[in-house]
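These are the structures, in structure tokens.
Each of the next two complexes has chain A plus one other chain: chain B in the first, chain C in the second.
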Partner chain A sequence: MPDDSSTPAPSAGTSQSDVKWRRVVDASTRWPVIAFVVSGTFWLVAGSLLALIASFKFQFPDWWTQQAWLTFGRVRPAHLNTMIYGWISMAGVGVSAWLWARLLKTKLRGRGLLLLSAALWNVGVLVGTIGILAGYSRAIEWVEMPYAAFAFIVPAMGLLVVSFVRTLWHRHARHLYISVWYLGAAILWGPLLVIAILLPIYSGVPEATANWWYAHNILGLWITPPGLAAAYYLIPKVIGRPVHSYHLSYLGFWTLALFYNWAGVHHLVGGPAPQWVATVSIVFSAMMIIPVIVVAVNHHLTVVGHFKKLKYSPTLRFVVFGAMSYTAVSLQGSLQSFRYWQEVTHFTHYTIAHSHLGVYAFATMIAFGAIYYIMPRVTNWEWGSKRLVSLHFWTTGLGIGAYVTALTIGGVIQGLQLLDPDVAFLTIVEDTKPWLVVRSVSGTLMTVGHLVFAYLLAKIVVQSGERPDGPTYFHPVPAGTFDHVGGDGARSVPSGPAEESAQ
Partner chain B sequence: MSYTPLLTILLVLVVGAAITLTVLFYAQRKGHFDNLKSEAYVIFDDDEPVGEPQDQVFDAPDEPTGTPDPEA
Partner chain C sequence: MTRIALIFLGAFAAIAMSFTALTLLPRLQLSTVEPTPGTTDYTYSEQLGRDVYKQEGCMYCHSQQVRPEDFGSDVARGWGPRGSRPGDYVYDETHQLGTMRTGPDLHDIASRQPSRDWHLAHLYQPRSVSPGSVMPAYPYLFEVKKKSSVMASETTVPISPEYAPPGDSVVVATERALALYDYLMTLELEPMDREASN
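Entry: the complex of A and B
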């Protein structure tokens, strides 16, 4: 491993080099992180508007039907793809790039490549979204964007690999923290998955099988790992204590790595795929309970005794919300892979609730929490308004809570009615309407939260207003809540170099 | 009937599993999993120690100022 003398090496003693290495590393990540996070937030807002259009059509089915590009069949997949490839992927890359530089304790390498990647990625998602709205959607769920979009996104993903490997090569860290494993795995699996599904070799039932092998894996092996990586780093860091069981964290990672890949066809239970393929996927879906419980135990026992800190810390609040949602959605996923469960829930709104519990309540909320931690460190500024941060949290938290609850209940009712031949189909449609109203209302709440977040992000990136003189907490922190933090939320001067330790 | 799609996915799975297992055993041979208990502390150091929450912003100038505390 080359000796990197351009980054001051972290050492065990308190010294100027100890202080400076973190500062240098964070500064090196500035423009790539800003590029990916800002881009992702743009797609979050765009995808939210598309989602609202799609959702309101359940209340106003004749709305905007004269324009083909605004019909449900195009707007809904456009929403899905902008959220998957635009928002959560790009935000995840921004968070990941900062994390792997921090954890490898060296400057981020390939910064120019990452900026190029961000540009290509944006072009790809734009081409893809326009392509779907123009009617060139492909018939593969979660990959509806036309091939032209992936002509940009696949190279963009490849550039990430170069940056990660180069940073890994120049690392100062003696030990690869657990988060680095999750990030490295996502960097490896993500491009492999996308390339595999884009091969023009699928048709018929094999296409459906490949579709759901891909869609399930892109969630669990591309979107999930950065979320877990962020949680494993931020929960201990914000609280100030290490992960409860570091051994367990490795068990959780390796069981995820070995089990998740086989579970995708549980989306096709009852379909024309061979029964043995579905059964294998159900078995591995059940085995996924192991890594999920491991992660849940680890995160919970790390936070236990410190839950009152959620009152003050935006990062901790969003990340813990997301971590708990990960447990919920993953256990739910294991259970709903069983045939007896799917008899009721498949092809209903329940599935939509589940997917939003995963991509939003888990991945998106952790992404928000991570961004609240990272952006002050790369912009050398602070979030402009604790009230707006709080508004962001409550609109998104209550929004997704109402969304998931309504569609879960409505989906189960829908499923039970679909199984009853004495219930007319139109009756079922009428009975889902109230739940779909809640969907639209909660979606609107979440969109308000996204607009607030976008505003806050713009302000911190341009360093708007007066330079804040302390962290943006939800409430002033009472003395003693944080051992080394003063009563007004500002950091007390610790017993080290006065200004140097003010990080 | 064409088995190309199934063989393609199986190939990807086998290659992925092989890489994953190779990395796992390589890491084990290099001693990565030895002494895991202490490795949980690698994200902490004297500057950001255990017991001190790290939820604060950088509010110092880029270059450290002030003299080191002799008591530190």
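Entry: the complex of A and C
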């Protein structure tokens, strides 16, 4: 097993012993991964339905207004909390658990704790979602779920930390691959953030700065790291080359850790917070260009020259889509923190486009790609239909593309009109409507993709039907394309040339 | 110290520093801020109304932060005589600054729209007073009852004929609707000298 620090790429060894330890480690992660990924996917579907209700209310404002629990002002935060604490957090934990064990080359410890964690987490999100719809929202953006929900989620996070630390303690890997850095830091930052924002010590304007310190950091220090960790592992692994400039990735990690968490108050530019806080956040938002460029160099230059492989591999398609989106959303984020830009876009639908470019086009698409890679290895089965995988990719890819484009354009128009005091407010509302129609349509497309994905996931978890013959690729793969992944595959014996897909 | 310990320590130090700077220091700085003229603590009814505002998620479409005169055009649009200041929020236990303007900013709404009839009609059915509005209706904050059974203490809400209930029924405001109006009437920014700043 190579992995001395001079060749730090994930091992591409395909000897029998390499395959064997991987099989053992993968098997140890099976139930926790399945629990978290399946739970996350449930919340993805639930959150998508909430999203559609919220979006369609712009086309039909008098739709379902008799019942308080379906009013936009409750459905919208229910959607956000379900997606953040339900979908992307749980899917992120599932993916992280598999990566952690693989990269530390040891069995996942505390598997029972993780299963308990998944159960508590689900209860928490259920209590939280119902709580918001029932009128018990705490009315603090990004953390609206009542305390009762967090009474489950915080302990669930604690159990996760125990499991990961114990696994770390028993590690066999001498070198800690860069993904381990991101994941290790995330399990420290996540619980600290949630506990910090739940402390009953805030009010008034300081509460607002705390609010946005939290909301921005839950994105950058809890949701982002598993996405980057997965991309750093899966892109080199599936392409078959080491990361372009591995030692640069340490710089990327430390600059993310030191810069990202100061950026939160860029959400309050022009507001009543002290000027120095807003300025500090703008400065660090701009400095985020450094880690983003590092990650872009490492991810994109590793793929360059190998784009053809995206034709075949679902994992690669979703992960590269996500990695490119990360670069885009982060550079956009740096620019839009500047006062001149914000003066136009703050308070508009542009911001919603940006947030979905991050949480969906980046984090969610990478999560999909990682799940496509991981599930065959923990279920010892294969994805049931390349056509459905393709449908999933195109509905979600085109969906989010249309979503972001429409709300970006609509938001900028809205912002420019808001800056002109002669434009009547109801005119501005009227002009946003066509773009919001595109949102509803693209959201519907994405939801179709999610339902397809949930179906595929159910089939692979229960191992339904006949065992497919080989990895599910989009098209028959030319011999030798993915040989280097052979020792990592779901089958117990690495083959020579990759088999033609039987689908 | 092993490398992994260094990673954890570094990550912790990073978040501790930003928590201090972005959360604790502003708290300290603003702990002595005085309420601006006209800003007073909430009465029972106003606080109840504020709870309704929070529960129904008004914040997701309406902001409560008027931008200063040299940034954006909120003041020119008539949304307030001045930018909002920290002293406007000292009694807000849960801030409702908001981040979206699907609807107008409300921090000075009491100045530009004080009519109770307008607000109650708007909450019952926004499109009855604002054609083309996408705001949700809140019929559950009201009761529809026969005119003859309305008591003297109750508040009837005039609704335009297109949206009024049929026959001899009228719309009556519940306690929560009236409380929400009371809360909206606390949202008023009095002019101040430019020198007074945080």
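Everything below uses one rule, namely that the second predicted complex is superposed on the first by the 461 of 503 C-alpha atoms of A that agree within 3 Å, B and C clash if a C-alpha of one lies under 4 Å from a C-alpha of the other, contacts with A are read in each partner's own complex, and residues count from 1 in each chain.
Keep this in mind: contacts are C-beta pairs under 8 Å (C-beta built on N, C-alpha and C of every residue); 3 or more make two chains touch, one makes a residue touch a chain.
These numbers were taken from a predicted model, which means no experiment stands behind them.
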Which superposed partner A:137 touches (first chain B, second chain C, both, neither): second
Chain B versus chain C as contact partner of A:311, first or second or both or neither: neither
Partner chain in contact with A:265 - chain B first, chain C second, else both or neither: second
Which of chain B and chain C A:468 touches, first, second, both or neither: first
Which superposed partner A:166 touches (first chain B, second chain C, both, neither): neither
Partner chain in contact with A:300 - chain B first, chain C second, else both or neither: neither
Which superposed partner A:30 touches (first chain B, second chain C, both, neither): neither
Which superposed partner A:103 touches (first chain B, second chain C, both, neither): first
Touched partner set for A:239, first chain B, second chain C, both or neither: first
Where chain A meets both chain C and chain B, residue numbers: 176, 185, 188-189, 192, 196, 201-203, 206-207, 209-210, 213, 254, 257-258, 261-262
List of chain A residues in touch with chain B within their complex: 10, 12-16, 18-20, 22-23, 26-27, 103, 173-177, 185, 188-189, 192, 196, 199, 201-203, 206-207, 209-210, 213, 233, 236-243, 246-247, 250, 254, 257-258, 261-262, 309, 313, 315-316, 373, 376-377, 380-382, 468-473, 482-485, 491, 494-503
Footprint of chain C on chain A - complex, ascending: 57-58, 61-62, 65-68, 71-74, 76-77, 135-141, 168, 176, 180-181, 184-185, 188-189, 192-193, 196, 201-211, 213, 217, 221, 254, 257-258, 261-262, 264-265, 267-268, 270-274, 277, 280-281, 339, 343, 346-348, 351-352, 418-421, 425-426, 429-430, 432-433
Interface residues, chain C side, partner chain A - complex: 3-4, 7-8, 10-12, 14-15, 18-19, 21-23, 25-27, 29-30, 33, 54-61, 63, 65, 67-68, 71-73, 76-78, 83-86, 88-97, 99-102, 104, 126-127, 130-140, 198
Chain B to chain A touching residues, read off their complex: 2, 4-6, 8-9, 12-13, 16-17, 19-20, 24, 32-33, 36-37, 39-62, 64-69, 71-72
